[in-house]
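Order of writing sets the labels: A, B and C. Residues in every chain begin at 1.
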Amino acid sequence: MSFTLSEIAAALGGDFTGNGKIVLTGAAEPQDAGPNELALAMDPKYADGIAAGQARAALLWEGADWQALGLEGAICMTRGKAAMPLLTRALDPGLGIEPGIHPSAVVDDSAEIGEGAAIGPLVVIGKDVKIGARAQIGAHASVGYGTVIGDDLTLHPGARIAHLCTIGDRFTAQSNSVLGGDGFSFVTLDKESAVESLRGNMAEGERADTVEGSAHWARVHSLGGVVVGDDVELGASSTIDRGTIRATQIGSGTKIDCQVQVGHNAIVGEHVMMCGNVGVSGSAKIGNRVVLGGKVGVSDNIFIGDDVIAGGGTNIYTNVPAGRAVLGSPAVKIETEMAIRRELRRLPRLADTLRELQKTVSKLVDKD
Amino acid sequence: MSFTLSEIAAALGGDFTGNGKIVLTGAAEPQDAGPNELALAMDPKYADGIAAGQARAALLWEGADWQALGLEGAICMTRGKAAMPLLTRALDPGLGIEPGIHPSAVVDDSAEIGEGAAIGPLVVIGKDVKIGARAQIGAHASVGYGTVIGDDLTLHPGARIAHLCTIGDRFTAQSNSVLGGDGFSFVTLDKESAVESLRGNMAEGERADTVEGSAHWARVHSLGGVVVGDDVELGASSTIDRGTIRATQIGSGTKIDCQVQVGHNAIVGEHVMMCGNVGVSGSAKIGNRVVLGGKVGVSDNIFIGDDVIAGGGTNIYTNVPAGRAVLGSPAVKIETEMAIRRELRRLPRLADTLRELQKTVSKLVDKD
Amino acid sequence: MSFTLSEIAAALGGDFTGNGKIVLTGAAEPQDAGPNELALAMDPKYADGIAAGQARAALLWEGADWQALGLEGAICMTRGKAAMPLLTRALDPGLGIEPGIHPSAVVDDSAEIGEGAAIGPLVVIGKDVKIGARAQIGAHASVGYGTVIGDDLTLHPGARIAHLCTIGDRFTAQSNSVLGGDGFSFVTLDKESAVESLRGNMAEGERADTVEGSAHWARVHSLGGVVVGDDVELGASSTIDRGTIRATQIGSGTKIDCQVQVGHNAIVGEHVMMCGNVGVSGSAKIGNRVVLGGKVGVSDNIFIGDDVIAGGGTNIYTNVPAGRAVLGSPAVKIETEMAIRRELRRLPRLADTLRELQKTVSKLVDKD
């Protein structure tokens, strides 16, 4: 795959200067760029890198003097970072799946697959599955019966879409991700479990004095599937459980990183971003444009308002109102947590001070 | 799949009132229920939902007036939640695997598979594997050589059972879960590693003044397998490592959610519940009926007593006696953690108060 | 597989005493050992275990009196633990993959595979892949196009190596691990996202007063692969993302446990150890011989120096200098965190003391 500098400029909706016919086979960081790689140097701090590398062409910051940098051609953009999606999409060689259905794939006769599909080796597509146009399905991926998926699907090798789910356009699932596994839902048949009674008591600010042995767990089957909007991405090894009675929901534009778990019945809004190792418990409701940093945990049955941002490692146990930025375990407003952390570091000294003060006051009282 | 209301009542061990011949094809939340779906309304708060939906039949709370709700028939139960396992099992359409062995599956000639099995496409079953009756094995699942599994096995697509493991009846593994991977066990060949010496010093309340560079890690192979009791469930993408010399053990009735890791040599008791993203380190011992909330971490080589409950996000570094409810990082009694959290939020103010008080006392001392 | 005691002694580079011809088929903990299993008793505390079991031969501590223990033969070693890698490697029956390429595997004609390979059923090897000698590749594993791997590769069932990655010798990937998935990299096209502006403000110690709704996320494709050194191990369900422009890097000798996530562009040094559930964010740089305990989180774009040790559950938000041992959330020096934890437990009492003291001082002031 190769492009000329002028072709890349056109793809980015920008202009090139200098020699537009330089042939480029990829992009690279400035210092690593070879003569046929576009150096990505969208900030003046990369000027030295260009000198160190072998680049003849670069994507530069607005107003850069490409000739002084020793280049033969360049593209200058106001907000270079914004060019990255277009640029990297143009240069991405993709999953390399051959067009058509690989002879080793097991595709049920009743499945309807749109035109332009590339279905790799040993893929399994179940009964009554419907997949839109231009699907790219990597080796060993599987789609369970009755699932309906829109156009421009990308499943990386080993991705698992369970039965009876509904997914919009441009869905991407990374390798070994799982959409539609059974929810983790168990009840005790004969009496309330220790957890149920503890939770009941905690709500009133107390705990059970004696934690009785809980009885055997009986499985509640998951009859709801998962309903996913458009433009959703699911990271490698991430898991979205199906709902119990109604579907678990993931809104359009939501992006989910690797190692993330979303529990059964959760309702996740649009354009949400969940970073790696996030855990969202069952029946949690997450608003639009929420950002959950790495390792954030969300308790079950709580509500996270629109535009909430939770910093990495935050544990959210209770509802969070819209627009709030939270941090810590338990989650509090970010400025509160920052103040707590400042004092925590001084806590041993503070305790010493208090003990000293106690002695001083004690002497004063004695004298008094 | 469809049932009459009277059939469902019989399955639940309850009685129906009204028209027992209403045909039902599924269940739904009251407001979403269509005319052929059983509305699940086990609490009076759902009364409005029934009015809003199109349900003709419902599972209602004890003593509900089904006729006043506009229904044609109903099942009333004292503890409706307890009906969910039976009801959802009856309505679950299952994994949809065809009976018999799919021609694309690779099943070793020496494997013994019980009657009534449904083995899906591209499954791999190794040498000398024994699987009991009525197994349901989804696409791309695999079972390693010499593993012995009881009756009523369910493996979702892509589940991995390694070689030489022993598993009881009614085992369920969700998609892409892994049972029997190698333990994370490495030693340094020439001298103690920095971690080993640090740990030695920490036990005495100190740390190594200088952390020496640790030598190369040499792999200890995992010769023990995993021994699993009856009625165990393993969530999507969860991993249970095999033991080093003896087997890692998972007791009967234990339920494990998604994204959970259980390290090598761990001994997990019966009817334990581990929620999403839990990590149990190697050689930890966990008692019966323990409940670990989401994201709980358990250090290696420690002991968690029977009936312990750990709230979400708790990190357990040391032994926990039986019956205790713990929370926090490090884990303490739940009421201690609640008190700490209350004061933590006030900590910046408390520090200010102390500094003010210090000034006041200082003045008093000066005057004195 | 069986060995004589003298053969095992030779493999361990040690000497045997007594009957070297005892035939052994495995190893076991002393109390569980059968007559043909080598009892592992490298410490005097195991003496009782030997008496309780049926072992005829044992690996014993230096200077042990094997005859008094009732054994017929023994191997005594100064640092028995160091014998474990050799011993367990000798006794490991392995993955049981037949030599050659299983007829059901889909191996591209252009792939070059070294001699002595054992490639299991339903494996997929893509175009232009190069794999060195003696590879062991389990069922359902896959290697994407253009990836180059050294000698002595071991892929457990379902392991996924993506396209265009470079891996050294003796790489082991456990089941369902993923190397080379796309990075989690999204930008907003029209304006700065709420996260970007919040982060900008946090750097100055403040936060945005109003968190504006962020725009839609546009995907930055990952053009860099992953470059992995020699002797690296990747645990079950763990995920290493590919880089954006240059490769994500994992240094030689680094060992990664299960459920670990390493983000795009991260640079991980040599002989690093990452325990279960660790999350390393994108573009983090981790030095040599670093040890990250279970559930440790590392923020993006930070630097962890050589020989750093982070205790379990630690969240690292900022750079850590070489040689430091850290703990807590946020990570601080281990002795600081220990002091904080000691005082935290007393915090409610401390707060009460302060309030009492305040009253006392108030009275003194009134009197004054």
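In the analysis below, contacts are C-beta pairs under 8 Å (C-beta built on N, C-alpha and C of every residue); 3 or more make two chains touch, one makes a residue touch a chain.
What you see is a predicted model; the values in this text were computed from it and never measured.
Engineer: Taking all residue numbers at the subunit A to subunit C contact, is the shared part over half or under half, that is, same or different?
Structural biologist: different
Engineer: Nearest 5 degrees, what's the C-alpha rotation angle taking subunit B to subunit C?
Structural biologist: The C-alpha superposition of subunit B onto subunit C needs 120 degrees.
Engineer: Using mean CA coordinates as chain centres, what's the subunit A-subunit C distance in Å?
Structural biologist: Their C-alpha centroids are separated by 22 Å.
Engineer: Could you pull out the residues of subunit B that touch at least 2 other chains?
Structural biologist: Residues 122, 140, 158, 176, 237, 259, 277, 295, 329, 344, 347, 350, 354, 357, 361, 364 of subunit B each touch two or more of the other chains.
Engineer: State the interface residues of subunit C toward subunit B in the complex, per the touch definition above.
Structural biologist: Touch residues, subunit C against subunit B: 26-29, 32, 40, 81-82, 84-85, 88-89, 91-93, 95-96, 102, 104, 120-122, 138-140, 156-158, 172, 174-176, 231, 233, 235-237, 253, 255, 257-259, 271, 273, 275-277, 288-289, 291, 294-295, 306-307, 309, 312-313, 323-325, 329, 334-335, 338, 341, 344-345, 347-348, 350-351, 354, 357-358, 361, 364-365, 368.
Engineer: With touch defined as at the start, can you tell me which subunit A residues reach subunit B in the complex?
Structural biologist: Going by the criterion above, the answer is residues 106, 122, 124, 126-127, 140, 142, 144-146, 158, 160, 162-164, 176-178, 181-182, 184-190, 194-195, 198, 202, 205, 207-208, 210-223, 237-239, 241, 244-246, 259-261, 263, 277, 279, 281, 295, 297, 299, 315, 317, 329-330, 332, 336, 339-340, 342-344, 346-347, 350, 353-354, 357, 360-361, 364, 367.
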